[in-house]
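The same chain A turns up in both complexes below, where it pairs with chain B and then with chain C.
Up next is the complex of A and B:
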C-alpha cells in the first residue's frame, strides 16, 4: 500500500489547485465533467496495468482506439439498428488484437515492446489504407450517448468507469490477479509453481485490448470520429500507470493507483489548460513525468520503503539487496 | 625448477562467513598442482583471489618472486596469471584469432593487423597439435573442448607463467577429456605452472604432480601424488566431527511406493532407477554437475525424463508433476522459489491458485504448520530471513498436499537455528506419510537426515548407501575412484 500513497497525495494537490483556479470544479456537474473527461484514459490505464504488472508493454492501444472508432463509424454509418452489434464487434476485435499481441509475445517469444510496436504500426497503416486518411460513415446518437450523454445527473462514461473499476479491483483480488502479479515479479518461480505463464500474460493483453475497445466507444462519443482520436494514447496510458507507482518490469503496483495516475495526468492537463499554457506543452510535460516517475521509482522509493520497513520491523527482517530489480 | 606462485597466509571473509583462513600454496614451474576439496571448501574463492577478482583480507601472493598487486584482474593478467573458468568467457560471435587477441590487438598503420593475429594464432594452434579448427573460425561453432584450446592459446600468447583451470572437465565428453590431458601435459613441458582445480579424484591421479587439499577454507595438506592414495584424499577432504543434531530417523519401516522410476533418462541423466516410499527420506549426493538438480527437475516435470518408465506417471510438465502429487522446493529460493515482492500470503497460495484449487486450511494455519515466526501473512517475503523464506516455499507446497516432496539444497543460505527447524519439518512431513527426496551438498546434513542415500555421478546413480553411511563412502562413490 505504501507505494500507492504518493499518487493520491499528488492527485489531491492538483485537484485543489484546479478548484482554486476554477470554483465551478467544486460543484457536482463541474467535477463530473472532469471525471467524464478522464474516464477513457482511466479505463485504458486499467487495461495497460494488467500488461505492465505482468512484466510487458502494450504500445498498440492508441492505434487500436483509432481503428475501433473508424471501424465503428464506417460499419454503423448512421444506422441505429447497427449500434449494438457493432459495439459487440468492437469488444471482440479489441480482445482479438490483445490475443494476437499476447500469443506473439509469449509463444513466439517476441519482446512485447516490439510485438505491440509492430501492432501499432499495422493498425495505423490499416486504418489509413481503409479510410484513405479521411474516415467515412457516422456514429449514431445512441452510440455517442455512452461518451457524451448522461443518465439523470450522472454521465454514462462515469458509470461505465465505475463498473470497470469495480471489475478490475475484483479481478486483482481474485486468483487470476494474484497469479498475474506473481508472474510479473518472478516468471520462473511462477512457472515452477504450476502457473501457466504464457496463458496468464496473454490474458493480460486481451484485457488491455478489451479496455482499448471500451475506451474507443467512450472517445468516439465524446470526441467524435477522426483518424487522430487515439493518437498518443498508448503513451498517456503508460505514463498514467507509471505515475501510479506501478513498476515497469512487473510484479509491483496496484490497479487503483494506476487509475489514479490517469486522473492525475488528466488533472495536470486541465490545470495547464486553465492557466492558459499551450496544449503543445502537454506532450513535453508528459515526457518529463514519465522519466521522473521512473527515475524516482527506480532509485528512491524502494530504498525509502526498505529503510522504513527495516526500522519499523520488530523482528529480524533483513532488507534484501536483490529487491533493486530491473 | 623455480617457484612460480607463492601464496602465503591467504584469508578472506564474506559478510557472515569466513571462507578462507591462512592458506599457503606454492606451485613450481612445470608442475601440475591439483587443488581439491568438497563443494564450499574455498577452492573457487582462492582462485578468484589469484585472478584479482576478490581482494584477500590477509596474506600475500608472489609470482616469480614479485609481489602481486591486488585490486584488478588486469594486474593479475600482466603478472602472468591466466585463468580458464568453468564457464568459458570467449565471445561467441568473434573469430578464434579475435578472441585470442581480445583487448590487445596488434596494430599496423592505425588498423588492426589481422594478418599477424591470425598467423600467430595459427602457429600456436599448430604447436599444440590442434588442426580441427583454424584462427578464422567463429567461436560459437567450436565445441567446449575446442574452446578450451582457444583459452590455452590465449594464455600462451600472453606468455602466462601460471595457468589456473577450474573444473575443466566438467563440461567435457569422455573422449574429450584425453585431449585436455594432452594439453595440460604440453603446458607442463613448456615450464608453465598449472593449478588444476577439480573434485574428480581420477583426474588428479592421472595428471597432477602434487595435490593440495582444502577443507572448510583451510589447507589440510599438500602432498606429492605418489605418496598419497585415494582413501587418504577422501579422508582429508571430509572427516569432520558430527556436532550437529538431526531429528531421529524413521521409526517405522517405509510404506507404499509413492513414486518409482525405471530406466529414466534425458540429455543429462541416464539409467535412473529409484523408488520413493511413504515415510522415508532419501538423500541424493553427488558432485557439482553430477545431475542432482537435473534429477529432481526430471522427477518433478520441469525438465522431464524423455526415456524410461515412471509410476504413477511420467510428468511432461510442471503442472503434470503437481497434478501427480509431486512438489519441488528449488535450490535457488530467490530466482525459482519465490516472488520476492509479493506477500507471504500470495507466495504461500501461489501453487493452490495456479491449480484453481482451494488451499487446505487458512493461511495462518498453514504458516503455523511450517512454524513461520512471526506469522505475518501480509509481509513481503523479501524482508524475511533465509530460513523463513524457505518455510514459505514449503507452505506453498503444503497447500496442495503433495505425496512426494523433492528438496534441492533445502538449507542453503539458512542460518544454523533455522536449519534445525527445517530439518525437523522435513522429518515431520515424512513421518506424516510423505515420500521425501533431498539433495544436499552438505554431507553431514545428507547423512544426518537420510534413511538411505543415492549417489549420482555423471548423470547416473553410482551407488546406494544405507542410513548412517560415512562421508568417506559417499565421497568415494561421488568422485568415482
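Up next is the complex of A and C:
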C-alpha cells in the first residue's frame, strides 16, 4: 500500500494545478471531458497491469489498437447493421491475440519482450497488407458513440471506464488476483503451492488483449480512423503502470494505482497543453517526470522502511511511552 | 530445478580450450540459420533471374547492415550486463545532427570528438540513473530517449548541417570489394569481442549479468560495470550516428527512429543467442543476427515484396528463433 500512495499525491497536485490554470476544470462537464480523454489509456493500463504484475511485458498493445481500428473501419464500411457484430469480433480478436501472446510466452518459453515485439510487427504488417497500405472504409455513428457520445450528462467512455475499473478491482480481490501477484512475485513458489503458472500468465495476456480491444473501440470513436491511432500506446501504458508504483518484474503494485498512473500521465499532458508547452517539449518533460517519479519511489522506500523499523524497535525495547515518542 | 544444477558440471570440468568454445555456443544456431537462409536466398535469386553472390548485392547487404550492426554490438554489451538500452535510436539521430552541424562549423576532428563526448555523456547518464537512482533499465532508458526526442523535436524540423566530401568516404568507399562501413563494424565488433573475452571488465560484465548478487559478493563493483557497459553502448550508437551522417551528407532528426535501431538492435542481439536476462551470449552471435536480418531484407527487395509482409515475416522469425532456443535449453 505504501508504494501506491505517492501516485495519488502526484495526481492530486497535477489536478489542482490544472484547476488553477483552467477553472472550467472544476465544473462537472470540464472534469468529465478530462476523464473521457483519459479513459482509453486508463483501460489499456489496467490490461497492461495484469501482464506486468505477472512478471511479463506486453509491447503489442499499440499495434493491436491500430489493427483493431483499421479492421473495424474496413469491416463496418459505413453499414450501421454491422456495428454490433464487428464490436463482438474486435473483442474476440483482442482476446485471441492475447491468447497467442500468452501461449507463446508460457508454452514455447519465448521471453515476452520478444513474443510481443514479434506480435507488434506481425499485427502492424498484416493489417496494412490486408488493406493495401492505408486505412480504408468508415466507422458508423453508432460505433463512434462509445468514444465520443454521451448518455445524458455522462460520456459513454466514462461509464465504460467505471465498469472496467469495477471489474478489475473485483478480479484482483478474487482468488485470481492473489494467484496472479504470487505468480509474478515468485513463479517457482507459486507453482509449488499449486498455482497453474502458465494458465495464470496466459489469462493476464488475454485480459491485456481484451483491454486493447476496448481501448480501440473508444479511440476509434474519439479520434477516428488513422494509421497512427495506436502509435506509442504500448510505451504510454507501461509508463502509466510503472508510474502507479507497479514494479517491472512482477509481484508488486495495485491495479487502482496503475489506473491512477494513466490519469497522471493524461493530467500531465493536459497541464503541459494549458501552459503552452505542447508538442515538441512534451516528450522531454514526460521523460524527466517518468525517471524522477520512479527514482523518488525507489529512494523513499528504504528510508521509510528503516524509519518504520526504528520506531518499531523503540516501542518494543522501551515500553515507556515518553521514549517511544522521541 | 535439479536439471539446472547438473548441467554446469561437465562444462566446468572440460579443458579450457573447449570451455571457451562452449561459451560461444549460443552463436552456433544463428550461423546455421544464416547459412540455410543464404542457400535459400541464392536459389530464390536464381529463380527470379538475379545473382545473390553478385558484388552489388553482397556489398549492399554489408553496407545496409553496418549501422545496425554497430548499434547491436553496443546493445550486446548492456544486455550481457543484465540491462538494456532503449535510447539508442534517438541517440543515433541526435549524434548525426551533432556530427553534421559541428563538421559544417569546425571540421571533422572536433565533430568526432563532440559526438564521442555527447554519446559517452548519454551513456553515463543512463548508467547512473539505473545504478544510483535504482530505476529499472527499461524505464530509465525509455525516459532518456523521451528527453532526447523532446530536444530533437524542439530544435529541428528536418535535416541540418552538412558533412564535407572528405568524411562522406566513410559512408560509400570500398577497400577492394569490402565497404569501409563494414570494416568499421568489424573493427568495433572485434574490439567488443576482445573486451568480453580477454579483459577483466569483460568477465565482470558476464558475472554481473549472470547474477548481480553473486558478482557483488565476489567483490565486483557491479554498479561501475553496468555504467561502463552503458557508456560503451552509447559510444557504439555514436559511431553508428557518425556513419549515418556520412552516408546522408547531413544530420537527420528521424534517422534513428525510422531505422528502428532500439527494438531492432535488441532483436538482433537476442536472435544471436544472447539471453535477454543477461550473462550468456556474445558479439559473434549478434553479428550473425544482424546479417540474418540483412539477408532476409535483400530477399524481400529482390522479390519486390512490400514492407508490410516484411514486418510479418520478421515478427515470425523473431518468435520462432527464440522458441527454438528455448527448446534447446530445455533439451540440455
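By our rule, the second predicted complex is superposed on the first by the 286 of 326 C-alpha atoms of A that agree within 3 Å, B and C clash if a C-alpha of one lies under 4 Å from a C-alpha of the other, contacts with A are read in each partner's own complex, and residues count from 1 in each chain.
To be clear about the criterion, a contact is a pair of C-beta atoms (placed from the backbone, for glycine too) under 8 Å apart; a residue touches a chain by one contact, two chains touch by 3 or more.
Just so it is clear, the model here is predicted, and its values are computed rather than measured.
*Asks:* Regarding the shared-chain residue A:252, is it in contact with chain B (first), chain C (second), both, or neither?
*Replies:* A:252 sits against chain B, while chain C stays out of touch.
*Asks:* Chain B or chain C: which reaches more residues on chain A?
*Replies:* Of the two chains, more chain A residues are contacted by C.
*Asks:* Once the shared chain is lined up, is A:75 touching chain B (first), chain C (second), both, or neither of them?
*Replies:* A:75: touches no partner chain.
*Asks:* Is A:169 touching anything from chain B or chain C once the two structures are fitted on A? First, second, both or neither.
*Replies:* neither
*Asks:* Tell me the contact category for A:194 with respect to chain B and chain C: first, second, both or neither.
*Replies:* first
*Asks:* Considering only the touch criterion stated at the top, classify A:186 as touching first (chain B), second (chain C), both, or neither.
*Replies:* So A:186 only meets chain B here.
*Asks:* If I apply the document's touch criterion, which positions on chain A are contacted by chain B in one structure and by chain C in the other?
*Replies:* Shared contact residues on chain A: 188.
*Asks:* Where on chain A is chain B touching in the complex?
*Replies:* Chain A reaches chain B through residues 175, 178-179, 181-183, 185-186, 188-196, 251-252, 309-310, 313-320, 322-323, 325.
*Asks:* If we count contacts the way the header does, which residues on chain C are in touch with chain A in the complex?
*Replies:* 1, 129, 133-136, 138-140, 142-147, 149-151, 153-154, 263, 266-267, 270, 276-277, 306-316, 318-319, 322-323, 326-327, 329-330
*Asks:* What residues of chain A sit close enough to touch chain C in their complex?
*Replies:* It is residues 57, 104, 108-111, 113-115, 117-122, 124-126, 128-129, 133, 188, 235, 238-239, 242, 247-249, 279-288, 290-291, 294-295, 298-299 of chain A that touch chain C.
*Asks:* Under the stated contact criterion, what part of chain B meets chain A in this complex?
*Replies:* 302, 318-319, 322, 328, 330, 334-342, 346-347, 349-351, 353-356, 374, 379, 382-385, 396
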